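Chains here go by letter, A, B, C, D and E, matching the order in which they are written, and residues are numbered from 1 within each.
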Amino acid sequence: MSELLIVILIAPVLACLGIAAGLPAKKTALMTVLFNLVASLLLAFKFQIGSAGYQFVSSIPAMSLGNYFNTNLKFGVDGLSLLLLLLTTVVSAAAVAVVPNDIKRPREFFILLLLVVSGALGAFLSIDLFFLYIFHEIALIPTFILVGVWGNQDRKFAAIQMTIYLTLGSMVLLAGLLGFYFAMPENVRSFDLEEIRVALTASPLAASVQGWIYLLLLGGFGILASLCPFHTWAPAGDAAAPAPVAMLHAGVLKKVGIYGLLRLAVPFLHAGVHQYVDLFLILILLNVIYIGVVTIWQKELGFMLGYSSVMHMGMLFLGIASMSVLGLTGTVILMLAHGFDIALLFALNGEIRRRAGSTHFADLGGLAQRMPKLAFLFVIGGLASLGMPGLANFAGEIHVFFAAWKAFPWWVTVLAVWGIVISAIYILRAVRNIFFGDVPSTLPQSEDLVKWSQRWPFVMLALALIVIGFYPRILTVFVQPVVNSLLGL
Amino acid sequence: MEAITFWILAIGLIAAAWSVILQRNPVASALSLVAGFILLGILFLTLNSSFLMMVQIIVYAGAVMVLFLFIIMLLDLKTEEKRPVPYLRLAVALLIAAIFGGFFFSALQAVPNGHKVLSWSQPVPHVDAGEIGQLLFSKYVLPFEITGVLLLVATIGVIVLSKKEIK
Amino acid sequence: MKQFLLMPEFQLLVWALVLFVFDAYRPQTKPRTLAWLGILGAALVLGATFVEPLTMGVGQYFHGLYSVDGLSIFFKQFFLVTLIVVLWMSAEFVEVLPLARNEFLLLPMLTTVGMLLLASAVDFTTMFVALELVTISFYVLVAYQRNRSASLEAGVKYLIIGALSTGFLVYGIAFLYGNAGSTSFATILETLSTNPLNLSILFAMALILVGLCFKISAVPFHIWAPDVYQGAPTPVTAFLAVGSKAAGFVVLLRLVFFSCFGNPVVAPYVSSLLAVLAGVTVILGTFAALPQRNLKRLLGYSSIGHAGFILMALSCLSPRGVNAVLIYLISYLLAGLLAFFLITVVSKQVEGEELVNFSGLSKRSPLAAFGLTVAFVSMAGIPPLLGFAGKLGVLAAAWEAQRYVLVGIGVIAAAVGLYYYLSIVRYMYWNEAADGTAAVKLSCSAKWLVWLLVAGVIVFGIYQMPIATVVDQVLLGRNW
Amino acid sequence: MEAFTQITLNHYLALSGILFMIGMIGVMMRRNIIVIYMSLELMLNAANLALVSFSRFSAVPKLDGHIMVFLIITVAAAEVAVGLALIVALYRLKQTTNTGDLTSLKF
Amino acid sequence: MNWVVLLAPLISAVLITLVLHPMKKLSVLVSILACAVSFLASLCLFYNNGAMHLSSIDWLDLPGLKVQIGGMADHLACLMLLVVSGVGLCIHIFAYGYMKEDPGLSRFFAKLSLFMFSMLGIVLANNLVMMFIFWELVGLSSYLLIGFWFQRPSAAEAAKKAFIVNRLGDFGFLLGILGVWLAWGTVDFKELSQQVASGHLPALLANNPFAVTLIGIGLFMGCVGKSAQFPLHVWLPDAMEGPTPVSALIHAATMVAAGVYMLCRVFFILELSHQVLQVIASLGALTAIFAALIATQQNDIKRILAYSTLSQLGYMVMAVGLGATQAAMFHLSTHAFFKALLFLGAGSVIHSLHHEQDIWKMGGLWKKMPVTAWTFLIGTLALTGCPLLSGFFSKDAILLAAFQHNKLVFSVGIITAGLTAYYMFRLFAVAFLGKPRSHAVDHAHESPLVMTAPLTILAALSVFGALFGQEEYLGLEHANHGGGWIVMGLSVCMFVLGISGGLLLYLKSREEPIHISLFANKFYSDELYEAIFVNGQQLLARLLDWVDRWIVGGFLVRGSAVLSTITGEVLRLLQGGNLSAYVMVFIVGVVFLCYWVLVYLKPLF
């Protein structure tokens, strides 16, 4: 099956070449992402549940970097990366599917979009930290062009700001990774997570060293995952991006930051995490409360979703900060939940923009009368976002709350839980302003998601939310062994 | 004897050098420079390098400076003569040079054999053209050959830069 | 004589002279033909460096004035590749020149002879002569468009500052000679290690460093660079940015590791001095590039920044640092030449090198826009392009040497650098061209070169093994 | 008094240093490119003087210094030729040799 | 198999949403059938008296936290199941008649089924997290149903308000649950009660006596939100924007009572802290009288009923606070019957008057709509505590408990009872008696059987419910305590006083004879809310948005961009273009380098 993993990774690249060579753009892209979806589901079925190690491992030794870095291009999945692989394939399938047929310069668009997809896939499938980093970066420039050329509103500024900010983040991250690498004893230095585990289980890093490296990694991954106060790029960027890009970016790529912390900080930098837990908590609460309140004030759907996505990242970070089985499990569930959810919402944001010509609340209203199906899907997404039981986010949040309550002083959790009130406020405001009430006369006539061919991406995402929400153990069985091993249990 | 020669040459050289940079008229500067080069050649002689003296005088005082003079005449540069001596700039330059001089002289203190006295009466191996020539064509043949390429480049360069335009 | 025949310098020189003669007898030869002949020659020489019987074995020649070792072979190949691309570029550019077109193609070959020699120079005499050969031919090349005042102005500026730096260099050599009694790199190192240090040696070292910093355009001896880069004909700018800079670095490498600066007592101090220079250079190069609106000037500043990065790696005085220097140079070779090549081709047709002239290039010439984007993104150090390998090496070396401040500067500079590179990309992709601008056409050979370089940047960026192997071989067997 | 009667290596070096600095002052102070160029020649000659003196005073007299001087003189000659050609070309185009008039490339 | 009670409505909701929604009649049928099935299943459970086993599944199973989706069909739950599904069934049937013409009929019934599912889930929950899950789902369905006519801005606003205010309560509830978990390490009711019953306090609570109070308050906050107790009561009157059957089902009979049910479920925890009980009792009493006072001056028929609901919920909460959980549950059940009846009656009136809700435009409906009027009267009497009707017994049980424990609370309760009688008969007199007060009444007619039949059933339950319930809830020891007769006597007095007051004042008047603007304006609570919370939050949001835009995004992010550019601008000034300046820079650089080398390296010698 390890071949299948490689095929999944290579498929988008091949599709890029195919499209460049003249294959019909959308069809090829769609076939590719659907193939990936099916293949990753197949992998999930073949996956041996209950073991913490990597499965379907294969490595390409020719891709090493010579004598100076012990890197090894190695792919494989454990429970955690398998889930994120599924997240990526599902969201990318939806993202490709919602691209409007009349998009300008389709060839370039789909090539860049598939590059973003392959970056995300590679990041989650790499066992080697170095390549994790590289793959994440692959997505950077395509995102820049996608936002800048096909985006909306203040796209130019947003694209530049986003790209520069993310680059700064990834450079800080690179510094952190190098620090990590050089902190290891010289004879066992490696970027290979499995080798690192062997090396550092025997002799963990000194606590003071851990602290520094952790701060750098927190800064780097924090910027990638929009940890307050490094979040400024996210709302503007996501709001300006075309819907498919926003879906992939907010839904999948941001998760790389969380994923990195899970993979690196949790198992190898305990002492660092504990040392700076106060700082981390303050930032997290800023994420939840401060950003939450800012979200309430937003007057435009894209910005609101962008900010809400930043806010939810706080919950994910909170799970990590707790450094407990409950919290980490919650974080993983939230990664998927938030991924599907924000992808669904951004996709709908794009549909609304296309149909109504605007996403400013002031211009909208009563859309539920014209587009009940769209409204229905939006409400599902919105409810998931505000933590409605039965939808995925709730399952994750409840884990995180329990974990935080046990790990931290009471006021931390009180403030974090206040987040669910805040998210209810802004989500319901949005629903009220967009879908309920009177239809403004200026709104152009437009139709609902009439055909299944239009509808299925949204339904797929909503279904994912519902399935996880109803039975989160479908995820925890995969995650649990990995989380245990991350925590060294 | 050594001292007297040295002091005369040194004072002359410094005076000539000052004259080069202070003369308002480029021609005067160039002539001062010629004088300086000749004095320098003689200084070489005091250091037992007759060959280098000849080279110095022929190449520098002869060829190079003639070229300078020729160009100055050709270009007929008189504009600067009318301008006053830029005292402010001179002061700044002096200051910077003085600081540099401070470093230079502190470095000078440390030169090994710095206090070795010059004495013409002491026998020193004679340095004549033959020996230098031998070295040039044996050990230093490579740089010597390269100077040939260098001159070629210079020739081409000068032609390219001054060839009449093809109309 | 056999020695001469096996020297790439000599081979190239002979080829150049043959072409001169050929040109003299057949003045109606098209410049393009001449360029191709030059490229052919350079390629042959380059090929010869790989073939065992056509190369001199590793060792010292000419009484210890000339050395063949991993470093020299690497840089020779580096300069020859540069020459090939520069000639290719010149073939596109030469039509702009009003006169002396053929010489414009032949002079770079002679310059390269100097560079090749510089790579092998292990004695101050050879080094000085070779360096001057390079410098003097650049005086001519920079001022080549003497009907353009910018070119002449650049030439004069380069001339004066260049001569000034030569003065300092020579003075430094004199004092070093006075102390060590020799001009040979190895002997100097040996003498300095056995005899006690004194201030005059340090003074000499400082002055020599000035001369080299001028070459690599490290702050504050970079002062000529932006103006000259802007004013010089574009192929010359490329040659300056890549070739001349690398020439400076090869000398610096030798001096730092195998000559005066390598003295174990001095080395740590040299290291920190270079680190400070590197930091300042990176900051200036990066930030001053931000407000630039002229593409060549912008690249001039950015090339100062790159020099700073390379210096950063060098300042670590570690094998990893040298490794990073070499990889960074390779990455800059490919990306820098790609950028300058496309600027040559495009600015010839849009008649300007301002950023505005590049508006909407993605529609006027998708390939050119794509190539420039790849070049800039690589220079910014974004994976998976080759530039990232360079940045990674530099940051890793700095971290290993525990120069955390440098790492910090590098991190910020990389992000800021991306900003101005992207602003160019923005012009090309987002902005619309002014009305009435025609499509930009790339000749067939130009397309070939663009694809070659783009492929190099991308393929070697992803598959770094070949480059790593090459660089490892350079480092092999020497005590760095 | 000995300092005046006993001429040592340091005297020569000091002289060369002064020459070098005068050249430096000239380069900094003057605006006429030709004069600047002459000042640069002064600096090179200072180096020559230093080299020759070092050669003369070294414990085991060596000729390497002389070779260096010879090379420097040759190179300087070539440099002067190219430099003056450049200045002439500049003068032809702009009728000036003043550095103050060469400021079209800046910032 | 026994999960049928819960699954039937869920299946119905899913089926209607996904498949059946184009077929309105079928949708309605499925929904009603599902409700009926639930009711029957509840009956089964009831008669097996909790002996039937409900299998459970692990929803979460992690070290330290195990959450099951399981059922706890004990006596309390079974009674509640019966009430919910029984009243629900009646309302389903009524709703068909009421909503027949609405284009969103299928949607409506899907949501009703969803509500039934969630509500039954609360009742069955065997642990706090499961209860919280269904608690939230109930909130959701309430939101959806209030906002059923989403085109109306007022309905949309009301739905939003209801949800958000409920969320405030849930916030506390969740914290309470977390507290319980932290203290006892489990959220399962059975395990919890065993641990509490063992009398052994966990370390956390033993060390920190205030903790248990905080936990109790947290849990109670859930009730405050859902049962609309005093500070969070604002949403309930607005929720009347929903269709009337919804008001009957959710905002009178079942959902709002869930808070009380929850309090009874966790009473063994609340009991641990005396302060908590006091808080609960006082807040309940306060709500009771507060809402009753407001109700006296309202004109909208549904709002009057809503405030009455508030008031009655206050009673129930008060009862819990006094420790009389049985009485609370008893009143909950009877209240479910008669309040559902009253709402449905109001619905019938509104339906026949074409959505006219102002009582001052009614009048004389007694003749036009006899069935409705009669049943409404029965409901009114039951509510006001007319002796021998169900409300009398249940209210009496509460007042008795109050009398025994806390005289102040008792006096508030007895006054409230009088007020209740007063405003209900004001309503009845104005709406049904006298002459028609507007032309809207002219066309009024009796509602069809599908609506009147549920009315009749509920009226019967309102009358006889107590007979059956008294035994079930209170056992036979009722009235054996001291003071029973005094309480009964006093409450009858208040009842009579209230009725006479209401009838005398309003029977003949054509417009409001008394004006107390404080009551009419609900003690200005909406305005206060607007001023403090809505504006405060908006102000804060605006402020933080400003901070984020201008300080974080502007000053820090764009600022650093600007700073970079300025740095660049300054650095490029070095490059003045003048060669002499360049030379100067170069040589100064040399001097610096020499300085560095010579001075920095001095220690070498």
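Just so it is clear, a residue touches a chain if its C-beta (ideal position, glycine included) is under 8 Å from a C-beta of that chain, and two chains touch if they have at least 3 such contacts.
As the structure is a prediction and not an experimental result, all values here were calculated from the model.
Student: Count how many hops through touching chains it takes, at the least, to reach subunit D starting from subunit A.
Tutor: Each step joins two touching chains, and the minimum needed here is 2.
Student: Both subunit C and subunit D are touched by which chains?
Tutor: In this structure, the chains that contact subunit D and also subunit C are B, E.
Student: If you average the C-alpha positions per chain, which one ends up nearest the average over all of them?
Tutor: Of all chains shown, the one whose C-alpha centroid lies nearest the global centroid is A.
Student: Which chain is most remote from subunit D in terms of Cα centres?
Tutor: E
Student: As a test of whether you follow the contact definition, which chain pair has the most C-beta contact pairs?
Tutor: Greatest number of C-beta pairs in contact occurs for B-D.
Student: By CA centroid distance, what chain is farthest from subunit B?
Tutor: It is E.
Student: Go ahead and note the Å separation of the Cα centroids belonging to subunit D and subunit E.
Tutor: Subunit D and subunit E have C-alpha centres separated by 95 Å.
Student: Can you give the whole-Å distance between the Cα centres of subunit A and subunit C?
Tutor: Roughly 42 Å, centre to centre.
Student: Just give me the whole-number Å value for how far the CA centre of subunit C lies from that of subunit E.
Tutor: Result: the chain centres lie 75 Å from each other.
Student: Could you work out how far the Cα centre of subunit B sits from that of subunit E, in whole Å?
Tutor: Their C-alpha centroids are separated by 101 Å.
Student: Among the residues of subunit D, which ones contact at least 2 other chains?
Tutor: Residue numbers touching two or more other chains: 13, 20, 23-24, 27-28, 30-31, 33, 36-37, 48, 53, 55, 58-59, 67, 71, 75, 78-79, 82, 86-87, 89, 102, 104-106.
Student: On subunit A, where are the residues touching two or more other chains?
Tutor: 164
Student: Note the residues in subunit B that touch 2 or more other chains, in rising order.
Tutor: In subunit B, the residues touching two or more other chains are 89, 92-93, 96, 100, 103-104, 106-108, 111, 140, 143, 147, 150, 153-154, 157, 161.
Student: For this structure, give each pair of chains that are touching.
Tutor: A-C, A-E, B-C, B-D, B-E, C-D, C-E, D-E
Student: So in the complex, which bits of subunit B are touching subunit C?
Tutor: Touching subunit C from subunit B are residues 103-104, 106-112, 138-143, 146-147, 149-150, 152-154, 156-157, 159-161, 163, 165-166.
Student: List the residues on subunit E that touch subunit A in their complex, please.
Tutor: The touching residues are 58-65, 129, 132-134, 136-137, 140, 143, 147, 150-153, 155-157, 159-160, 163-164, 167-168, 170-171, 174-175, 178-179, 181-182, 537-538, 540-542, 544-545, 547-548, 552-553, 556-557, 561.
Student: Quick one: which bits of subunit C touch subunit B in the complex? Just the residue numbers, please.
Tutor: 13, 62-63, 65-66, 98-100, 103, 106-107, 110-111, 113-114, 117, 123, 125-126, 128-130, 132-133, 136-137, 139-140, 143-144, 146-147, 175, 178-179, 195, 198-203
Student: Once bound in the complex, which stretches of subunit A touch subunit E?
Tutor: Residue positions touching the partner: 161, 164-165, 229, 231-233, 236, 290-291, 293-294, 296-298, 325-326, 329, 366, 368-369, 383, 387-390, 394-395, 398-399, 401-402, 405-406, 413-414, 417-418, 420-421, 424-425, 428-429, 431-432, 435-438, 471-473, 476, 480.
Student: Could you please specify the touching residues of subunit E with respect to subunit D in the complex?
Tutor: Residues in contact with subunit D: 572-573, 575-580, 583-584, 587.
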